[in-house]
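The chains carry the letters A, B, C and D, assigned in the order they are written, with residues numbered from 1 in each.
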Amino acid sequence: MSHFQVRTDLALEATETITEADSAYRGVRVEEYYPIEGDVKVTKVMITTKNAAKSMGKPIGVYVTMEAPAMAEPDEDYHREISECFAGELLKLIPDAGKDKSILVVGLGNREVTADSLGPQAVEHLNVTRHIVKEYGTAAYDCSRMDLLSALEPGVMAKTGMETAEIVKGVVEQTLPDAVIVIDALAARSVRRLNRTIQITNTGIQPGSGVGNHRNALTLESLGVPVIAVGIPTVVDAATIVMDAMERVLEQEKIPESYRIADGLDRIGSELNNMYMTGKDVDSVIKRVSYLLSEGINMAMELRMQRKGQSGEATD
Amino acid sequence: MSHFQVRTDLALEATETITEADSAYRGVRVEEYYPIEGDVKVTKVMITTKNAAKSMGKPIGVYVTMEAPAMAEPDEDYHREISECFAGELLKLIPDAGKDKSILVVGLGNREVTADSLGPQAVEHLNVTRHIVKEYGTAAYDCSRMDLLSALEPGVMAKTGMETAEIVKGVVEQTLPDAVIVIDALAARSVRRLNRTIQITNTGIQPGSGVGNHRNALTLESLGVPVIAVGIPTVVDAATIVMDAMERVLEQEKIPESYRIADGLDRIGSELNNMYMTGKDVDSVIKRVSYLLSEGINMAMELRMQRKGQSGEATD
Amino acid sequence: MSHFQVRTDLALEATETITEADSAYRGVRVEEYYPIEGDVKVTKVMITTKNAAKSMGKPIGVYVTMEAPAMAEPDEDYHREISECFAGELLKLIPDAGKDKSILVVGLGNREVTADSLGPQAVEHLNVTRHIVKEYGTAAYDCSRMDLLSALEPGVMAKTGMETAEIVKGVVEQTLPDAVIVIDALAARSVRRLNRTIQITNTGIQPGSGVGNHRNALTLESLGVPVIAVGIPTVVDAATIVMDAMERVLEQEKIPESYRIADGLDRIGSELNNMYMTGKDVDSVIKRVSYLLSEGINMAMELRMQRKGQSGEATD
Amino acid sequence: MSHFQVRTDLALEATETITEADSAYRGVRVEEYYPIEGDVKVTKVMITTKNAAKSMGKPIGVYVTMEAPAMAEPDEDYHREISECFAGELLKLIPDAGKDKSILVVGLGNREVTADSLGPQAVEHLNVTRHIVKEYGTAAYDCSRMDLLSALEPGVMAKTGMETAEIVKGVVEQTLPDAVIVIDALAARSVRRLNRTIQITNTGIQPGSGVGNHRNALTLESLGVPVIAVGIPTVVDAATIVMDAMERVLEQEKIPESYRIADGLDRIGSELNNMYMTGKDVDSVIKRVSYLLSEGINMAMELRMQRKGQSGEATD
């Protein structure tokens, strides 16, 4: 109806705007499942062709979306389940050569801007191990094999004068991780997904997406190693929410197209530029969901060790 | 058009919704002036009758609104001018018996919630003097007369288990200030006023207004001393902004009333409950405007001393 | 040996400087026990006469000191045991009339000064209930009886311009708690006690003790209700530690009194004025031990409810 | 007297322990001057031979120490003078090829540990320009030539799992600055130098120095570009201060060597391991002195432009 560009970082929401019959769907496969008793819904969107990528406005790759309505609520026990679920989905996307892995986690965003501090807050609680294993060997831990975990908070360009990609590339070339996990705050289209959804994708991060303007490409192509991007929507673009609300009302009322509402919408969109919508409890919610992510990554590292341990025994 | 209750803490915006011919205007007087070369516009709304108070949804009293578009921008020099202007307007509302005054400044709100931290941040930079004058007398300062400034951050009920008014009342009864200044974050109706407007009123604070739910009455009646409330809108209620945008579009297009849009609007309003809209730079803007307020109060205390000094000479 | 005044807020350390034969001991009783398998040592010093109080430099009352070496270490499970132990000792000092109690917890100190932020950090994690019970009655909780918990962070005089005691007295008179718990950072004499000791006393807080200068009397006399003071030593006075170290060396070597070392010591003492000694991890340790205190108080409130519930059943 | 290793990061203090006649002085040159009316004393220690370097325990290079007693006091105007003075001394140590320079400032240390947060706090207030000049060219600024300033807060190894040097090396290789300025908190021997001294050296940073354990070599050799290290002592090692105090007293009293005090001292030294001494106002002082450093670097960048502008005119 309007020419207004709907702004969302969620592949899940991008698919919703395409009708079933749309030819783009030829290159898009969608799977849904409920890993833990119906509380978490996982939707896996696989974009497999260039045409589909173009229609969706997202690169070829796998996009896993976990919807967990309880995520934003303050109940630690439930969170643990979501963290475990997240750990499992994350591991599926990390290429596993069956040997020890070195993983670098990068927390994007600005720690001084609450809604953009998901990445910096998430890397703060990781159990980094790389320096200990480098110094003492795997004997420092009670296991025969060991993943190395390292973490980086590169900061934002306005504070560093450098592209995030320059910093990450430099650190990757020096420390040679086998894979990079990038954590970032996202923008959602729907208020209902705010702080209740985790997106995991093996496409890395492309310029221009996300809450802030703090990055350019962090991908397999640019860094030379697989890049898994993890994000939680912490804001809804203000213009998007206004557009959405209006279109819903107008459609319900079947107001004829002859009323040229699109122009008015576009005007409002530009007024609301740089505004976003968020909940009153954004500070405490982001603290909670960032902790959920870091716990999930900590669990994933331990799960990897267990799996390798088991398969190790099996091959003996 | 809609039954939706427009939410604003600004008397200025409340007056905008009433038509000129409205009988309420019989009890409302409005003055406008530009104290500093057109950069700051001051609007003084005086509500003088019970009827007017009822129509406006605001108690009888004086509401001074300073609109300073540059306030949210990072330019220190301009801010000083706005601080001075604010100091001047503030002094006009503090009853002056021509003798030394003891002023208690109360910073309302939750320092952990960025958009609600205006009050706590503002009291942090005050030049409190009460304890020094109590200990050393006015000889501690280079003047014959002295105002006593004290400051309190009472916290929010969810953290204290006490009503803000209980805490403030207790402290007032112990320390006996001549007047109380209460600082609080407000909600505006218009995005254009966000962080660009200061409201000063001699009505104190009534229950139910403001961003959070952290207060009940702080007024001359409840505290026994004059209460000046100072606020800056830091958020716009999300539902309000959506309603406003839609009504503007619908009016432009002259969509007939037969389309029952009001119901749809009300539904959306409840969906957006507890959401608010704010700028991306909210963290740094609130740091800046809270400093502007505390500097203004510091200046007001010095101005009072100068004035008293002058009038003292005059009476000799 | 030196005229230097040993500075300690711990009654336990004050008793160490008095010899067994000292007449002061007639008014001092000391008990020791290990409530949980030897990990925590509790020493109960009871000062019962004015003479003893004068000799000890501490008012008449009960001083419970818990020494828990593991307290400063990052192991959550052990902390829980210490919190429980602390809850038990705290309850013994709160006068219990066998009916519902209303307790106000006051966190003294300056949250901007790490070593002095124990009080402010501790009140942050309390489960305050007073406002909920006031609004909804005990039906809001799953029990027939209910303690009311409220919390206050009064700030420091340099920021408020008011004596802490003025603020607390005002709030006590408005909200009428049955008892007050005051939490404050202490100074120890021995480095070994730093962040590893909790002192609980029913004497409240007297002017001039503690890390900062942020208080005057908070006692039964000044507030009209029982005041339990809880403290953890977070710093060692620098002069004290130097004196202590030197005296130990000099004594070991039996250096004759003819060397007039006392004068040199006094000179050094004044040089080190306002300096204190602390561990490198002070920021994270204080976060941990303040949480331990707040959890202990939360537990104490629940324990009180259970006890009352049990005795209630017994009397039926 | 004692075998205890005096711990200081200040070349100035290291020279004090060597007697005038010491052969080491053959390779050490010391200059003193007062750049601004006696308020700031600059001492320039030049270590020129390997022998001297070994005796001093510091590498060959230039060490400039600015002693500014007022630095730790809260007076902004004086600070500006010190910042200017610091800017001047800093420029003398940056190799100047007479053309535009690109400078990377690295803030070492742990922002969560107050006494170690000098570096992270200092980089926060820099006027970084690299990204703007890269995007818009020098036309973005009102000058024909332009230095590029970028900034990095690499974090500490316990949080990143990586050596600081790995991170810095990676970023240097990607962004190719012409010089690196490294800012770090230092340990002083004397309480009188705490937060009142700035050390600037062209030797970079060697492993094992500094408050924390957060670095290995950041030098011309390791990074391939000149490295200027800037530091302010924020702590005094506790053992050092005790030793120093005791030795002074013992010397004054001329206590004979037959008393074997050295052993006692060594024992005390190990007891005080990991303890440090600092002022009560450490949080606010470090905020102030870190701002002084960042302002100084901002000034240095502008001064460079002015100088180049002048020489540019001269050559026309």
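By definition in this document, a contact is a pair of C-beta atoms (placed from the backbone, for glycine too) under 8 Å apart; a residue touches a chain by one contact, two chains touch by 3 or more.
All figures in this text were calculated on a predicted structure; none of them were measured in a lab.
Taken together, chain C and chain D share no touching chain. Put simply, chain A has to spin 180° for its C-alpha atoms to lie on chain B, with the angle rounded to a multiple of 5.
Our note on geometry: chain B versus chain C, Cα centroid distance of 40 Å, whole angstroms. Centroid to centroid, with C-alpha atoms defining each point, chain A and chain C lie 46 Å apart. For chain C, the set of residues touching two or more other chains is empty. Taken as a contact graph, the chains are arranged in a single closed ring, with each chain touching exactly two others.
Chain pairs that touch one another, listed by label: A-B, A-D, B-C, C-D. Touching chain C in their complex are the following residues of chain B: 123-124, 128-132, 148-153, 155, 157-163, 166-167, 169-175. Across the complex, chain D is touched by residues 112-116, 191, 211-212, 238, 241-242, 245-246, 248-249, 252-253, 255, 259-261, 264-265, 268, 271-272, 274-284 of chain C.
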